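Okay, so subunit A shows up in both of these, paired with subunit B first and subunit C after.
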Partner chain A sequence: MAPKPAFELPYFYNYRPYFTLQPVRDTREKQIQLWKELILSFCKHYGMYIVDVDDFPLFANKSIERKLTNEARELFLNALVMEGRAEWLGKDHRKCLLLWRRIEDWADLIISWVQENALENGVVTLDEMRTGDEARGTDLENLEMIILERAVRLLEARGKAQMFKGSSADDTGVKFFI
Partner chain B sequence: MERAASGITRKFVLLAIGRLPEELGRSWFDKCFRGLDRPLRMAFRRRPGISGLQGATAARAQYKTLGEDVAKVRTEQMTEQLATFKKSLEDFAQKYKNDIKKQPAFRAQFHEMCAKCGVDPLASNKGFWAELLGIGDFYYELGVQIVEACLATRPHNGGLIDLQDLRALVAKKRRTAKEPVTEDDCIRAIGKLKALGSGFEIFTVGSRRLVRSVPTELNRDHNEILEMAQGKGFVTAAEVQAQKGWPPGRVEDALETLLREGLAMIDDGDPDGQRRFWFPCSSGDGNLSIEGQLGEGPIR
Partner chain C sequence: MLLLEAQLSESGRPILQPGEIECQLIDSTDIDLEQETKPPYWNPLLGGIVSLTTHRIIWIERTRKKEPVQSRAFAIPHPAVHALEPPKKGGLKSLFGKQAVKLRIVVGIRKDGALATRDAASAVRVVMVFRNLDSNSDAFVTRFQEVLEAKAWTVIPPTSALPGRAHPGSEPSFSGRQDGSQPSRAFTTAHAGVSGILKREEAQAKQADETLQEAFGDLNALMSKAKDMVALAERIRMRLAGSSGGTGGGTDEGEGSRQEMQDLLLSVGIASPVTRENAGALYHQQLSRQLSDFVGPLLVKSNGMMALVDVYCFFNRARGTELISPDDLLQACRLWERVNAPVRLRRFESGVLIVQARGHSDEAIFAQLAQLVKTPDGTHFGISASDAARALGLPPALAKEELLAAEYRGLLCRDDGADGLRFYHNFFLELDSLQEAAAGQQQ
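Take a look at the complex of A and B:
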């Protein structure tokens, strides 16, 4: 696969005040909005699913010597959580699961992937779905297990898939009925 | 008395004047000295009589008639001249229609010429200008684009934008349109926006011209702070205090207002620990920043 083109950072990323939480409400809302969009598009571009609050490349900009405070980091991620575009992993709020594609959209993607690879009525393991040959080059490649599992569970609820517990999480098999 | 006698009587009369009784009045004199020389007669006409009054009224009426005639002729001439002028201007506009539309410099000169003649080609969109040139349309369209650009960047700059940035932004939007846009055009278009009472205004801060699209009242202090920020894009309270010699409360008040109006943003991240107040409208990289702003779509 060709290497991805570098992510184009937006204008505000190089404007220092955007790294300080703004006290005025309107300005802050705008700031949060911009950061939310940036985090999502950045993760989508690089296929990242988990943001480590303390070690996420976007949160510090060396070229202008600015970094977000912990408060700001949590605030921006929280705003994503409120919108259903992210979820905290653990109560300490140190890691955040990013849903730059909603679970239902992932589920739809799986359906079309199944159809493309003629896996209807076949059985695959969850692990194969994200690391197997059929997954290579698709958005399913290296998809975070938590997200994959949830998307499949959603399909199950819709009666389009059935999961079979294996000896370990990786062994969990899925049968699709489409 | 006869004319011939006038020479002989002159001396006598002159001598008699002093002793003549007041109550005899002027008509009496007129009758007596009708044949006298004009200068002499005038000497007795100290006060107007009935005939004098009548004469004056007649003269006034005549002057009036004459004046009216002149005015009429003048008006006719003017109307004629105006018609000729309008015709030439129309011919000119028609002839150079394309130049006016395409060449900003030519357009500016045309406006200057119109201004000197007291003609405002933008006064109405229904006049012959619109029909002839579509020049009204040009500015109305530009006006709409300016409003759009101001609104789109408002969250970022609080409704204050450098005229240069605005022009660049509008020019970028109009990429498809062939006619280039100058700052002069923007100023004219904004001038027309005032008619809407929407509070669009251009004001000068230092060497730059800023366009304000929010009805914020900026006082002198605010303007001076904006001017200070021009080079670096930011100021600190200490800098303002040192440079302007204002008491701390005044500095704080001014910065606080700028912040509240969304014209300033704070930056606490500098290693020196001093809070910086940044002004997006003078961020220096204005063009770049605003392009980024508009180019960005929401994530789906």
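Take a look at the complex of A and C:
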């Protein structure tokens, strides 16, 4: 598979004020909006699910020698959390799970993937779903386990799947009824 | 009208003549004529402020709030006053509680009915009625008598008396003045030519020297000399202005120090400061007006705004020994709106207080700033407070306030990096979303 083309950063990514938390309300709201969109599309482009607050490439721009303060990083991610597009992992707010596709959308994606690969009534492990041959080249490839598990749980609640606990987390099997 | 019309400043303070000093102010005062001498066209002047100066009695119409019309003012020059008839004390009426106090002033009038400063044909009684019973009318009357005795109007103001002007032939003639007694300078060969000029310069230098010596010799003497000092400062300033225009070929440093000197001297000299003693209850209101008159020209020089702290320094320096407290200054500023002054006090978001002309708007400054951030340098590196100060001709502290105000309005945004706080064009508000930004870029 060809490597993904580099993400195209918006031109204002090289504007210094973009990296300073704006104190005026209207301006700040627009700034938060732009950051939220940028973080989501960047993660989606590279298939990233977890943002490390202290080490996320977008948060520092070496070419203009600017980086976001810790306060700004948390603020922008928090804005995503409020919208249900992200979740803090742990109370210290150092890592953030990004849902650039909502759980329901992931669940729908799994259904169509199951149908495409004729896995109805068959059993697959969670791990196979993200690393198996069938997953290669799809958005499920290397999907964060937490997200996958939640999407399957959602399907379980809808009566479309059943999970079987295995000896370890990786061995958890899923049976789909569609 | 029997009385002479008097000039008022924009804020409603009387414009004093050279050498004239305000001695006492009193409010709620009427000026009327005795019944039997009242001409048919006479209207009494009611409820105004009366200012007693060394040269005149000035009645100033009370301004009503929010009324842009200039109030009127009328004056009686002291030379026209023949006598005062102070209110009688302990009369029968005083037994029945307090009454408005009346002061009768006998003034000379010419045959045509106008005020006569000399050679009066007849005399009429002008009645001043002090309606404010709390005001110290006794002190006013006493002061009036003192002033009449002092005859300050016969003294030639020092600015004109000292031969400081460049052309010896163009001494202003005083024959047209009220006293008309000043003999014009006789022309002799001793005063002519280069030696004459040198002699005069020498005499002048000596005189200036003596004034300084006397003044600094003793603080009391300094106080009494304050007026002369102001005149001297004024004269030096005139000379500086004249010589910088004439020679032109000074070194930069010389020019700089001359400019500085001129600036210093420009801010010297309120010859007749409003004080608690001479204004009493009118203190803050009159102080407010005087301050407004004083600040006006300064604002023009400093691009329309000044920090209140600077105003305080300048004002007190100009007042010499009659210093006012910061509190009085603030009160005076707060009264500006009430007295319809052409200047106003303004508070920036940060709490910094400044004084600016009433007509002055931020729009012009914002437009300048908006232009500044769109220059190539401004786009790349932003503008700092000192960049803005240089471009706007304001002190950096005020320039920063303007930047913050422009930011608050959404015109600018900030970069708080290693180079300090810098301001940029606010691109945030131009963008609605990332997609739009990308689309805009591709166009």
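The rule is simple: the second predicted complex is superposed on the first by the 178 of 178 C-alpha atoms of A that agree within 3 Å, B and C clash if a C-alpha of one lies under 4 Å from a C-alpha of the other, contacts with A are read in each partner's own complex, and residues count from 1 in each chain.
Definition applied: contacts are C-beta pairs under 8 Å (C-beta built on N, C-alpha and C of every residue); 3 or more make two chains touch, one makes a residue touch a chain.
Keep in mind that this is a model prediction, so the values were computed, not measured.
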*Should the superposition on subunit A be reported as showing a clash between subunit B and subunit C, or a fit?*
clash
_Under the stated touch criterion, which partner chain does A:66 make contact with: subunit B (first), subunit C (second), both, or neither?_
both
*Can A:137 be said to touch subunit B (first), subunit C (second), both, or neither?*
neither
_First (subunit B), second (subunit C), both or neither touched by A:20_ = both
_According to the stated criteria, A:100 is in contact with first (subunit B), second (subunit C), both, or neither; which is it?_
first
_With both complexes overlaid on chain A, does A:90 touch subunit B (first), subunit C (second), both or neither?_
neither
*asked:* With both complexes superposed on chain A, which partner does A:41 reach: first (subunit B), second (subunit C), both or neither?
replied: both
*Taking the two structures together, which residues of subunit A meet both subunit B and subunit C?*
10-12, 15-17, 19-20, 22-24, 26-27, 30, 37, 41, 65-66
*Which residues of subunit A touch subunit C in their complex?*
8, 10-12, 15-17, 19-20, 22-24, 26-27, 30-31, 33-34, 37-38, 41, 65-66
_Looking at the complex, which residues from subunit C come into contact with subunit A?_
382, 407-408, 410, 413-418, 422, 424, 426-429, 431, 433-434, 437-438, 441
*Could you pull out which subunit B residues touch subunit A in their complex?*
155-156, 158, 234, 259-260, 262, 265-271, 276, 278, 280, 283, 285, 288-293, 296, 298-299
*In the complex of these two chains, what residues of subunit A are touching subunit B?*
10-12, 14-20, 22-24, 26-27, 30, 37, 40-41, 44, 65-67, 100
